[in-house]
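Chain naming follows the written order as A, B, C and D, and within any one chain the residues start at number 1.
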Amino acid sequence: MKGPDVAHISHVEMLTPKAAESLEFFENVLGMEVEATEGGSVYLRGWGDYQRWTLKLTESNTSGLAELALRAWDEEALARRVAAIERSGYGEGWIDGDVGHGRAYRFRDPDGHVFEIFHEVERYVAPERLKPSLKNQPQKYTARGAAIKRLDHVNVLAADVRASREFCVDVLDYRLHERIELDDGTEAGAWMSTSIAAHELIYTKDAHGARGRLHHVAFWVDTREECLRAADIFLDNDVYIEAAPSKHAIAQGFFLYGYEPGGNRVEVTTGGYFMFDPDPEPVVWTEAERALGQAWRVKTVEAFHTYGTPPVE
Amino acid sequence: MKGPDVAHISHVEMLTPKAAESLEFFENVLGMEVEATEGGSVYLRGWGDYQRWTLKLTESNTSGLAELALRAWDEEALARRVAAIERSGYGEGWIDGDVGHGRAYRFRDPDGHVFEIFHEVERYVAPERLKPSLKNQPQKYTARGAAIKRLDHVNVLAADVRASREFCVDVLDYRLHERIELDDGTEAGAWMSTSIAAHELIYTKDAHGARGRLHHVAFWVDTREECLRAADIFLDNDVYIEAAPSKHAIAQGFFLYGYEPGGNRVEVTTGGYFMFDPDPEPVVWTEAERALGQAWRVKTVEAFHTYGTPPVE
Amino acid sequence: MKGPDVAHISHVEMLTPKAAESLEFFENVLGMEVEATEGGSVYLRGWGDYQRWTLKLTESNTSGLAELALRAWDEEALARRVAAIERSGYGEGWIDGDVGHGRAYRFRDPDGHVFEIFHEVERYVAPERLKPSLKNQPQKYTARGAAIKRLDHVNVLAADVRASREFCVDVLDYRLHERIELDDGTEAGAWMSTSIAAHELIYTKDAHGARGRLHHVAFWVDTREECLRAADIFLDNDVYIEAAPSKHAIAQGFFLYGYEPGGNRVEVTTGGYFMFDPDPEPVVWTEAERALGQAWRVKTVEAFHTYGTPPVE
Amino acid sequence: MKGPDVAHISHVEMLTPKAAESLEFFENVLGMEVEATEGGSVYLRGWGDYQRWTLKLTESNTSGLAELALRAWDEEALARRVAAIERSGYGEGWIDGDVGHGRAYRFRDPDGHVFEIFHEVERYVAPERLKPSLKNQPQKYTARGAAIKRLDHVNVLAADVRASREFCVDVLDYRLHERIELDDGTEAGAWMSTSIAAHELIYTKDAHGARGRLHHVAFWVDTREECLRAADIFLDNDVYIEAAPSKHAIAQGFFLYGYEPGGNRVEVTTGGYFMFDPDPEPVVWTEAERALGQAWRVKTVEAFHTYGTPPVE
């Protein structure tokens, strides 16, 4: 089958100044598995991730997103996108692979976030203790903590949302589903995807005008009940809850937001809608519409609009 | 964005010998809206369908599936698929459009089911009484009956599953995710999709060796709780429940199966997994593995393997 | 079996200055059934209420709670409680019954809310169109709107919470499960029940020091998913949502709060805990603990602490 | 507050010939906590149990229920019930307490099951590592495995259901909510409770005519989603699933049945209805009505009607 040139987000690398506490969070609160440990980084996976890992946790003196990796549909798609990136002037060149994936092409978005794109990956093969009962599932359901299934989407901050959104649409061939346009014409947010998922890559405006920062990384659970349950787990494990479970107006995702010990915002998410329409008109939200709050008219806490990682000086 | 040539199943036409009772079922038990009525047919939609309608209910002297329509990604994709279909020898030619969509190319699969493919569709615009509160939703959530959101997938029966599956993969560019291969080499079922959804088009073996029959049409709800609730609704509205809510092993979908008054099997479905991997190895289930039953080791009722519409003589 | 003298809250009478709109809300948004209409009042029921009705909606020039009725366990329990009420000085005397229940004894709590207590009630017998499939269920599950199951609990406001709470415990034999005590010793809330339900009758402090007002009447659904779904229904039916679905710290109930068109606050509720312990020590929440917000650290909107019906002059 | 003389089932003692594997099941699959270990027995608790423990797991050469303990409402209620038991001729006398409860009166039901009744219990005080965030919750929500909240109900088998049911109603003051009466007048099942819960103590007919056997012990979770999730956990931990999640017609409880490694049937349960009516007419199910299957017309697997522990010779 032919598909979009960018198949999906393959992994993220997250920085943390509190490596041990962050690992404890991802392993026991979110319930991920450690698949590999190498050079100061721990590679983690959800029970439903088909690749070996989707989160690389790296000790650092600060927090934030070190890298966002895309998987190309096939080698031809990879070549097409690399050519487009090089034409855009944002390319940086080929680099070696990492645990579980082959050589990759590195680039930056206009805001400065580091991306890479590759096609070749290793598929996960569960060791005996993690063998699943159903053969269409990569791993046993361990049921530990919030037991997130897989990496779902990434929301980065940008000083200039429109520039990065246009780069994603024009150069990476993302499809824009929804965006926010303020009264003065500023683009305050853009929700994009290359699949029927309502969003996979989100840009929102950095309130501090900083560059290259992270808003949040989102992990999927299959049901809203698991989001509610995750809130109980966050509460009883002293994880800071920034926003209790509720429903977004934009993209209609169901959410729970908290901060992992390293300071990065993490979402447990589910729901939303599927975009089956191949050529939809993007939904544009005005400033007045955004002022109505989330789906059920809850006002989002202020920090949600201002906090990102790493911290701004 | 570029996508698969076949974007999704656009609609189905279902035949019923009990038009009034069937309409009552789809409108008040499943909770769909009547969008149009024309020439003995009623055109219905779920509150989340982006097109004007997805189910055409047509009075007939029997039951079954009259037509399965695919929406092509764009005009180029349409031209490509029509050329491939014509090369396959299964093409029948261009026909006029219907309510809400433009001209279409008609063809049959090797088993004889009638298909059509087109690109041009009208998007739904809700009348005042059905205006939604959220602008990224096509219609108000009416909350009537099971309140299904949209058409999800179709499962047809075939005398020769492999032949039709190969047609879908080779000619329509579907991707095969899972299939059943019996000990004697017979292909007993094939689950295919052109999106990250685990299945959209399913073929299973017709136990009677008949051709062109329907196994079921499935309608989506967002949560398993809505499937459970739908079972209560079926029960209290005297809808025959063939299989109470549970989880399939294949594709891991959560299901409720019943028969609408015209005799056609209908599913209320949710869940399953997303196939983000662009080049997955299809999962092949053996006869022994199938004998284990559904995901939670429930044996499926016998009728599920033998009943289809229209009835065989 | 012997049980508590007060079996449960039998019904409430709610006043509304917008009778038609309020009826539309309770019938089509909450999904209740009209069981009787008499003298400017409409008597409504949830599909799971065993009595004929639990909500009497009465047109008035204002909003608020006209009456809260308790069902005594048996005639002896009724006699015992009436004697205790008379001793307390709050009794007003016997009155005739109403639709579906026999003669009742009328009294007021120290805050001035009108109560009545009786034992004899008519049990609901469903007409043909509302016959349930399961014989242990009083009525068909109509699945209309939020489809609330039954009246659950009532929260009244009081100028002096402690006085009314002591009356309920000492005179009505309620059991106190949780309460709030402010730093200055004021009792700001009391959660009581006569069953294993964590709360059935709640008093919270009237921010205006007014008397006899209503905070909210709560209707039960069996699942949190139904609360979430009810929020979508409120949204798409222009019902004002005061607090989107979340979880209370006190009593741990899951909630959705809105205002019915007459202005009265209504809750759709589920969850909480069961109090099996026959002699529990009441949980006392301090001012500092309350400042942490709800279960998941959400701050309750200000109106929740100040708004009640009828409006204060 | 005055309540029923029997407040609730306080604990059960379960026998297992595979102590280590059974402990592994209750601790890691059901997610209970070990509160004490003494003399070949392990005392376990759910995170929501207010007492120190509710399940005593004792190594033995066979399986089954060693004891079912009731907590009396207060000392007067205890004295009343002991007097009634002694009058019935089924009393055996006072015995010392066990871990966490005071002296108890031992007796047998007419079928020979060992019971005890007491009032005095120790309430659970969580150690530091299990301190909950909400003070109205006895323990942190550990989120391990199915994470059952508490012991819910017990279903024992009896050669003569009616005799034991009458004993429970007449001598223990249980209230009968539902029962099955076969065409020949045999009572095949009885569902009783002393609270608003639809059932707490169930007797069903022993298909082998044996005495003193166990059908199942049920543990509560708050949501149906947790029952569905528990089925995934059972599956991936090789726990035998006898009946996948579905809904009972009788009492309308939602269930998942499996066998713990020692052979005892265990249920993960939620849902059902509350019986607020103090003097309900018991629902009587006929043989024909039972033949319709469970709530959603699923036929129960045969073993459910024949299997119990210990095995019959």
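By our rule, a residue touches a chain if its C-beta (ideal position, glycine included) is under 8 Å from a C-beta of that chain, and two chains touch if they have at least 3 such contacts.
Since the structure is predicted, the reported quantities are computational estimates derived from the model, not experimental observations.
Set side by side, the interfaces B-C and A-B show unequal numbers of C-beta pairs in contact, with more at A-B. Just one of C-D, B-D or A-D has an interface built like that of A-C, with over half of its contact pairs in common by residue number: B-D.
Averaged C-alpha coordinates give centres for chain B and chain C that are 45 Å from one another. Here the spacing of chain A and chain B, counted between their Cα centres, is 31 Å. For chain D, the set of residues touching two or more other chains reads 134, 223-225, 232, 235, 295.
Against chain A, the residues of chain B that register as touching in their complex are 1-5, 7-8, 48, 50, 71, 73-74, 123, 134-137, 169, 173-175, 177-178, 194-197, 222-225, 249-252, 271, 273-274, 276-280, 283, 285, 289, 295. On the chain D side of its complex with chain B, the touching residues are 224-225, 228, 231-232, 234-235, 241, 244-247, 294-298.
Residues of chain B touching chain C in their complex: 132-134, 140-146, 223, 225-226, 229, 232-233, 235-236, 238.
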